[in-house]
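Here chain A shows up in two complexes: once beside chain B, once beside chain C.
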Partner chain A sequence: MRIAASLAQMAMLLMFVVLTVFTLVHMAPGDPANLYLGLGATNEQVAAFHHQMGMDRPLPEQFFTLLRQLLTGDLGTSLAYRMPVIDIISQKLPATLMLMAAGYLFALTVGIGAGIIGAWRQDTPVETVVRVASGLVYAQPEFIVGIVVLVMATTYLPWLPIVGMGASDEKGWAAVGTVVLHLIGPALALGIARAGIYARMTLTAMLTALNQDYVVAHRAAGFSERRIVLVYALRNALLPIITTIGIEIRFLFAGAVITEVIFSWPGIGRLIFDGILNRDAPLIIGVFFIVAVLTMLINVATDIVYALLDPRVSKGTRASTAGPAATS
Partner chain B sequence: MNNDLKHRLMADMYDLGLGRREFVAASTLAMLGGIGGPAGAQQAPGKPVKGGNLNVGYPGDPKIYNGFVYENIPQYPIMHNVVSKLLWWDAKGELSGDLAEKWQQPADLKEITFTLRRGVKWHDGQPFTVEDVIWSLQTVQKTPLSFAKYIAAMTDVRALDANTVKVTFSAPTPASVFAYYAGSNVILPKHLYAGKDLQTNPLNTAPIGTGPFKWKQYNRDQSVVLERNPNYHGVVPYLDTLTFVFTPNASTAILQLQSGKIDMISNFRDLGINDIVSLTKDPKLNVARINSTVVQRLCFNFRPEGLAKHKWIADVRVRQAIAHAIDRDTICNKLLRGAVQPSWGPFAKANPIYDSRIEAPKFDPARANALLDEAGYKRGGDGVRINTELAYIPHVGTDVTAPAIADMLGKVGIKVNLLTADYQAYLAKYWLGPNGQGDTAMAFNIGITAPTGDDCRPNYDSRYQPRNNGSGVSIPDVDRLFDLGRVEPDALKQRAIYSRITQILSDQVVNVWLGTTAPPNIAAKKVRNLGSIGYWDVNQRFNEVWLSS
Partner chain C sequence: MLLTPGALLPLIIIVMAAAGLLLPESVFSPDYSAIHEVPSLAHLLGTDGLGRDVLMRVLKGAPTSLLVGGAVAFFSAVLGIAGGAAAGYLGGWVDALVGRLTDYFLTIPPFFFVLVAVAILGASTLTSSIIIGIALAASTARQVRAQFLTLRQREFVASARLIGMSTPAIIFFEILPNAIQPAIVQSALNAASGVLIHAGLGFLGLSDPNVAEWGAMISENFARGLSGWWSILAPGVAVTLFVVGLTSLGDQLNRYFDVARRY
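Moving on, here comes the complex of A and B:
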């Protein structure tokens, strides 16, 4: 019953996303015929194109035709690429997921690590540095960070590639190495601001956890400080971070658009940027649809991970004021 | 036509001892005397060295590499290295044979006979034949693409023998149309395209041609790698490979160039003026100005909806006043620091038909004020005579030019509201809009104005409304003169015809022309013989470029 309700909710959300994007695409000035036929086409040729694409039908009819297509998995054909939108997304999505994963990995590793260190060294200059640095870093928008990374890499790391993903004719570990090298710059640009957020969240959550009674009890029982921090306190501190990852995914997609344009990374962020400039309506709607589906799936995955980490959630019990999950 | 003008033209030619080639060369040197420095500032090419890969930073992936499906300017520098046409504007600006070795036309220009080069092979090894030419011309004629209009009068195309093809027209058609720069003017292999859906042919992203370079590898949105075609019918490339690296913005491309990750940048229309100037001064780089086919111009909206909303547009005195109020020299030489070469008239300055004796209205705000008073547009209490608008899209320098023009016009009482948008929105709202959307008073536009006078026709011929001639210019004499100029075989007479067109458009102040602009090719010093890339910015081939060690 709960699953059916969740699926129904997801379906409604998806329809809302499609309706919103469809409306925005049709409100934006610009005729796809300019992209498809060029300026040399006559008005008659443009009218024929509009008729062929169904663009001369009433908007509600166009919308329901689109919904019918989406239900059958048909995302339409890109006007710019002249190929099925689903094929283009299949080619580009892995690059974006790779970039987001690398960005997240950097952000979580550096952010959580800095937060732990700051909390472990609470009431020392280390905590202050982590607190201030995280605040400064997460206030920076991706395009600023991206350009700074670009300039710094060009000036001090001339061996680091800053554009693209590398040639596709390499095989095996050579190909992996090339992609990893190309990934460093954009992943840094995407992950730095997020690292600041996670550092601040981890610091706050760890400080709260380390001041709980159970920690005093564990210290009194002779557990090592390392074990207390890394096993008991961290597990509780991670809960809000896990939630944030699920919420953050949409911002990461948005950040990926900017980062991919700056670094010419061939993902769906670049795709949507070009699609909007070209008024490639099938491509725009298709990409937003897929991103919406992915965001919902990731949120579901987040809920599952959260439940695994916090037995109270999986058992449906309410949180105890005294009792974290540190009973193991 | 104007006999005085004709005689003056002939007298000038004799006085200066100029033939057409010399005239073209002199114009080219004058063009290159801009911020790129004189042509002599480039290194002497030296002896060509074979080998190496040239990485060219390029602004974007055209996505479709088949001019029969889609054509756009970003496609041409890549495709011109892979495919061939029947004729070509060579690096000296001369009409020369590409796939055609020679051609003949009778005086009435109603047919043309091409003798094709022998022994040419497609990149897949198959022989190039007359059937490829016949199929290509017949196919493109049925499309809505630009070259179809150029050969609209074609009634027949047939093989006379294995190497000769004859094209027949119902109306005079000069040979130069077969050198038309656009992507739809291309000869494609019939054996790979005929009978298949053009729109979905996999060769749209892996074209086969007869050009100096073969398609080697395509990394979508990242790069295109071309390799030498050892069987090319012209100068076989010195480079082993030519890689176009797609970089969506000029800033990143400049960083890549300065760090040595790429060797050259080309065709970046968002290259800032300050960037061009600083790159010009970089001792590690060469800047090669290439003749521009593009003229920046301020257009008035002569369409019915434009005239209905902005009645002042119909008064030539107001348009003259606007021309007098704009200090074009300050804009081009100081604000744009030479990135736009001042010119006046519909044709590019390096176009042989450009008439430098037809001068722009002098910068004279007093005269502008007098004309506006005469036209009945007195200043109101707030000093404003006319409230109007100017639409533009960011291009080389327009973000500097548009506010400067608004300021200059403001000083004579014309208050200008600036409107900017991306390219598609600009077209929809300000240039092409149907049903009253297109009522913006003025718009910045660029127009292709070379290599021939006919290439400029869509901007001013009333029969090209509303899409190419978006500002709605409609002067029957101009239409008639374009028809005459197209088919006039005598070069002097043809120049006189186009001079007359320039005079009419200038007298009517149909546009306020600023000048010609071309994003320069900027390359590392090791890239040699940059001047061989092409005479015009829309016609570029890299087969004679080489890399020094």
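Moving on, here comes the complex of A and C:
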């Protein structure tokens, strides 16, 4: 019953997402026909273009046609690329997901690692270094980190390929290696600020955990400091970080737009930016739709993982699965 | 509150914005005999590709960013408080509606929405501030709603109802003064995010071309190549300074409101 209600809520939300983007792109001034046919187009040509794209129908009818299409998995045809939007997105999405995963992995490992080390060496210069470094990077926007990474890499690591994703004519492991090398720069740019946030969160949570009675009890019972820090304190410190993953995913998508523009990474961030420049309504709507679906799926996954890790949650106390933060 | 080092940053922001507004127009004008100069005594942060003093350009961008921060804080607070108060006090379908609206911005990355909306509706500083404010209002609304949910159960609200106060009067004069503190803190944080998002828009070429804007400055100097690193670094540092400053303002407000910690 709860699952059915959540599904209905997610479907409603998706429809609402489509409705707002649909409204926005139809508020845009000017006629895409002028952009795509040129100013020399005759009235007949413009009318034929409108008819072909279904733009001569009343807006509500266009909207419901769109919804019907989306239900069957058809995202329409891109005006600029002249091919199905779903094909373009499935071509570009893996690059973005790869970038987001690499950036996030970097942020999690470096951030949590730095946080643990800082808490372990509490009240020493190490803790101060972690604090200062995380404070310096956490507010850095992607376009600044991205440019710094780009400048540093081209100056000091000229052998490192930094722009684009590499040639597509390679096969097998060589191709994988090329992509991984190209991924380093953009992933750093996307991950550094997040790493700062996670370092802060881990440090604070670990320090709180390390001062709890149960840690004192474990110390008294003679557990090793390594075991206390890495097992007992860390497990409690990680919970709040997991809840943020569902929220973070939106920022990663946003960061991907700018990172992809800087590094010419061929993903959906660049795609939506080009879609905006090209007034490509079906493409914009399609990217929004896919991003919304992905965010929802990741939110549900986060909720499940959280319930598995925290026995207090699994008793059905959380009301909504649409967004983990909706109830917190 | 004023003695902590964190309080210095909001002060720096105000000084920078004041300098940007009050300095004479002549210091901002291009000097074509001094294009792309390295930092020197005459130009402390060097000059850009049009021979404009980078330091002065950065100062000129400060009022824009402060305006964006203020406007985003204002619009997100008004929308968030109105939505959160209505949802928390009235419950029922109003709560459901506001809940879905806030879910929306938990599903769509705010930056995606802002990008498309600004590209279509216009990139003037005010328009983009309103759009960013709408996108960031969700978090304020959720906090205000949570406050209202607990406060409406309290005795003072019941007695206000008993003496015949109207619903709007109860919302505005009884509950809101007790519920507004987290909203104010959140608004300062929204201002910080707003400055960051607006700079990102500027970097992508979606800011008002007639206004000095840091993100746009970074992208135009970046396009010129890496030899003029100072003209990229300076506006970058300014953005960071503003974001950290506004975030720290949020922290200060939080600490100030947290009465238990103050005494």
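A few comments on the model shown:
Operating definition for what follows: the second predicted complex is superposed on the first by the 309 of 328 C-alpha atoms of A that agree within 3 Å, B and C clash if a C-alpha of one lies under 4 Å from a C-alpha of the other, contacts with A are read in each partner's own complex, and residues count from 1 in each chain.
We take it that contacts are C-beta pairs under 8 Å (C-beta built on N, C-alpha and C of every residue); 3 or more make two chains touch, one makes a residue touch a chain.
Keep in mind it's a predicted model, so treat the numbers as computed, not measured.
In the superposition on chain A, A:120 contacts neither chain B nor chain C. By the document's definition of touching, neither partner reaches A:198: not chain B, not chain C. Once the two complexes are laid over each other on the shared chain, residue contacts for A:13 go to chain C alone; chain B is not touched. Shared-chain residue A:143: touches chain C; no touch with chain B. Judged by the touch definition given at the top, the superposed model places A:83 against chain B, while chain C stays out of reach.
Once the two complexes are overlaid on the shared chain, A:289 sits clear of chain B and of chain C alike.
Of the two partner chains placed by the overlay, only chain B lies in contact with A:165; chain C stays clear of it. Of the two partner chains placed around the shared chain by superposition, chain B and chain C are both touched by A:261.
Shared-chain residue A:28: touches chain B and chain C both. Of the residues of chain A, those at positions 28, 147, 151, 154-155, 261, 273 touch chain B in one of the two structures and chain C in the other.
On the chain C side of its complex with chain A, the touching residues are 99-100, 102-104, 106-113, 115-117, 119-121, 142, 192, 196, 199-200, 203-204, 215, 218-219, 222, 226, 229, 232, 236, 239-240, 243-244, 247.
Every residue of chain A that touches chain C in the complex is listed here, in rising order: 9, 12-13, 16-17, 20-21, 24-25, 27-28, 135, 139-144, 147-148, 151, 154-155, 247, 250-251, 253-254, 257-258, 261, 272-273, 276, 284, 287-288, 291-292, 295-296, 299, 320, 322-323, 325-326.
Put simply, chain B touches chain A in their complex at residues 60, 63-64, 69-72, 144-146, 149, 199-200, 204, 217, 219-223, 225, 245-249, 251-252, 255-256, 258-261, 421-425, 427-429, 432, 458, 466-468. Interface residues of chain A, counted against chain B in their complex, comprise 28-31, 34-43, 45, 80-83, 91, 147, 150-151, 154-155, 158, 161-165, 167-169, 261-264, 266, 270-271, 273-274, 277-279.
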